[in-house]
Each structure stands twice: as structure tokens, then as C-alpha cells.
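One structure is given below, encoded as C-alpha cells.
Chain IDs A, B and C follow the sequence of writing; residue 1 opens each chain.
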């Protein structure tokens, strides 16, 4: 009887062990369930694009354009081909004048003639008491959608090797000079 | 005798457990075996580069070039430094006129004077009954090689957080105006 | 007594098994400990930027600039917006004339008016007896820092699907024509 009990107990333990191993192993197999985020962060960033008259305030500038465009005014055809380099303040709320917690640095370019859409590649570079390090983003930013997902492809410092999804939404837009993006970051790989 | 048998059986079970765990554990150690893909996809995409005379058909345009180049005609030195933004239709077969299942949006630039090679960064943006979401690619595209591998670094929607390898091959090339790439995507991380 | 011993031994084995599984399982949970690298590599790469007078030696060229800049001379405001495409030799030591083991191909752009900083996106393309394949990098390169981390976001061939961190340091800088970077690569995902 005692032996049977012991065997049963042993089986249970083994079952748990196998289960634990199994579930880990599953993590590398197709069509696993969506994981829970290991970190969630919300930021805003603010872009003031150079237009020939706002050198003092501008945080970004057109650096490339198709042959029919120029580098001072965004071109026609939904700005197709206009490429913008930016260094935008990141804030915790939607106020341009709040104390920045870091900078969004990178570039985007408009990439469709028929509608307004862009491709983005940038990093959040933090240097605050809360966060040190950087988060790297790339992806298609389908500007006319209320929310759109891009990829978090890496990070350094506090965000060492992270991966996840960032959901962008345009929080404000004033003509072609100022826009503010809300960025909801869900990280699924944290160290 | 019975005890010995039980111990042996136990050892076997433990061996299997250890083996299972071990192999999973290996997944994070160097020089593990190549995994099997969890998804395999094949697409074609079609690029018609703007050359000053094809504004109606062009799906891409030169937006940057070195000082010796211009933005209408690809420059000498194997187009070194010419940067192209594109919005190309993706099809399931090699026919430009097939119904697109999405758009390849991004940029590439030629990056060697001596031979014809490029660096690419783009997304496949799907919006079909079969696929919703996007896949993000970057990498060196050594154009003179029949096939060349680039990295799948992320994705959204159906391709949430995916990673893998895309093998590019030039399926057709007509002068410096049209090219068609075949893209064999092997995904190794699927959710 | 013998039974107790056996149970103890069993417990120890199970503990080890559970520990092994546990540590693997942890690898996908938040706030895990920093892993050990599965590969460490050190390279140097050498950039000679085109300045209008060094066409023969130049390994890179300005291809885009803001409207106040040009593509022959790096612009003011800490070169904000100047974008450079490069094809730089990679060497194992800090000697420009050592036999290259591959090429660093990609681009960077300066992205801050107040200080000297850049955003980089490039690949190491190897073709040596030691390494075949490529490693892909992106990230914010805060040039004034002695060392700065960027993300390794993928790779092909020998570096299939790799991820990790690359630590850049400026090993030499001669005016605005030549710079040499040391790249310490720590890979944490190897296949």
C-alpha cells in the first residue's frame, strides 16, 4: 500500500515535471496561444516638422523626396517618397510641454500615392529616473487607421532584447506641422 | 528484484524527462539544431521604378542619391547610394496582373560600387481573406546571387511577433524599370 | 533506511529536473535574469566618407540631407538629417589594411541638432572561411558615449535567426573623413 502511494506520488510529481517541460517546449511550436504581455507602457511623442519657417521649434526635417518633390514642403501624391528624420520629445501625457522622459529618434517615409500611409523605423531613447536604455521599432504605419500595430524588434538597457507590439494612434494633428502620437507598448519578451 | 525493476523503470522515466527538459533547455544554448518552420509562405512582388516617363504605372521612386547621382535615373557605380521607396503589389503567382493580396511597402538602397547589391527594409501589409496583418523584413540583398536570405524580424495581426527567414530570388527583370521578386518565407516563431 | 536514502536521492534528481525545466520555462516569463551569451564576436569596421575629393577611397556617401544641407559636406547642426549609405570593410583587428572578413553594409543618419548622435541600420555580410552569412543591426548610436548598445535583430547562414546586443565604440576618428568602430557582439539566441 505504502509503495503504491509512493508510486502515485511519484507519478504526480513526474506528471507536473513533464507538464512544465511540455509547456515550455510548446513555446517553440506553431500556433501557440497569444501570450500575456510582460510589460505595458504608454507614451506620447511630439513631432514638429521643419517647413522653412520654424527652424527654432522643428524636431524633424524632410531629408529625401522623389524628383517631383522638395525638402521644405511635403509633396503631392500623399507625400509619397518624402523621408523625414526626427528627434522628438517623449512625454508621459499628451502635453507637448511636459517634461520629456526621452527622445523618439529615427525616420519615417510616406509610401503610398493613393492614401496617406508611412513606414517607420526609430528608437525610444530613455534617460529618466524610471527608464534607462532604448526600445527599437519598425513597421508599416497605416496612418488613416485609428490604431495601427508596429513591431518592437529589440531594446537595450532596461529593455534588453525585448520584443513586442506597439499600437500607434494619432492623438493630435495640426496641419502639416505638428502631430502627436500615442504609443501603447506591449512587451512579450522581457529579461 | 522488483525493487531493481522499479528503479530501472524510474530511471527510464527520469531519463525521458531529463531528455525532454534538456532538449528544450538546449533551445537557448549555442549551436542547437535548425528548427522546423511553423509556417511557409510564397509570394511575388512587382516593382515598377519611376524613370521620369511612367508616373502612371510606377510603384516606386528614387528619393535619395549621392551627390553624383540624381533622382530620375539610377546612377553609375552600380547605383551606389540610390535609395528607393516602394509600394509594390504582392501576388500569389508571378503575374503582375493577378489580384494583389497585399502591398510590399518600404525601401531599399544600392550599397556597393563594384557589384550590384542592396539593403532592404520593408513590410508586407496584407489585407486579404487569407491574411490580415503585416510581416517585417530587413537585410542585405546580394542581388547577383540566385537566392539570398534576409531576416523576418517581426509581424502583426496574423503574424504577431513572428520571426524567420525570407529567401529572395529575382524572378524577372526588364531593364531598369521592372523587376519581380519571389519571396519564400519560412517562419520559425509563430503564435 | 535504504528507502529513505532512495527517496532522498530521488528527490534530488527530481529537484534537478524541476530546476532545469523551471529555468527554461522562466526564459519566457517577465523579468528573468540576464542570460549568458551563446556567442561573442569582436570586429572593427572602417568608414571613409566621400567628401568630393576621395572618390577612389570612399566607402560611404551622403545620400540625403535636410534642405539646408548638401550631399558633399556634412551639414551644420551636428549634421542633423544627413543620411549616409556605406559599404565598409570589416576586419578582425584595428588595422584598415588587414584582410577584410566581410563588409558592413547599410546606412546611418545623424538625428539630433544639439549633440552628435545617429541612428543606424546595417548588416555584417560575411564571406570568410570562418563565417558565412549575415548579422542585422539597428538602433540608436549615441556617438558621444564611449560605448553604446544597439540591437542585433536577426541573421542568416551561420547566424540564422540570431538575436543579441552589439556594443559600439569609436576606436578612431580622423576629422570628418575616417572613423573606425569596434563592435563587440554578444549573441543570446543561437541555433
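The rule is short, and it goes like this: a residue touches a chain if its C-beta (ideal position, glycine included) is under 8 Å from a C-beta of that chain, and two chains touch if they have at least 3 such contacts.
Bear in mind the structure is a predicted one, so any value in this text is a computation, not a measurement.
Both chain A and chain B derive from one sequence, and where they touch, under half of the residue numbers involved are common to the two copies.
It takes 120 degrees of rotation, in steps of 5, to superpose the Cα atoms of chain A onto those of chain C. In this assembly, the C-alpha centroid of chain A lies 20 Å from the C-alpha centroid of chain B. In chain A, the residues that touch at least two other chains are 10, 14, 17, 21, 24, 35, 63-64, 83, 121, 138, 153.
Residues of chain C touching chain A in their complex: 7, 10, 14, 17-18, 21-22, 24-25, 27-35, 63-67, 80-83, 109-113, 117, 119, 121, 138-140, 142, 149-153, 163-165, 188. The residues of chain B lying in touch with chain A in their complex are 6, 10, 13-14, 17, 20-21, 23-24, 27, 35, 38-39, 50, 52, 61-64, 70-72, 83, 85-87, 103, 105-107, 121-123, 125, 133-134, 136, 138, 153-157, 160-161, 189-191.
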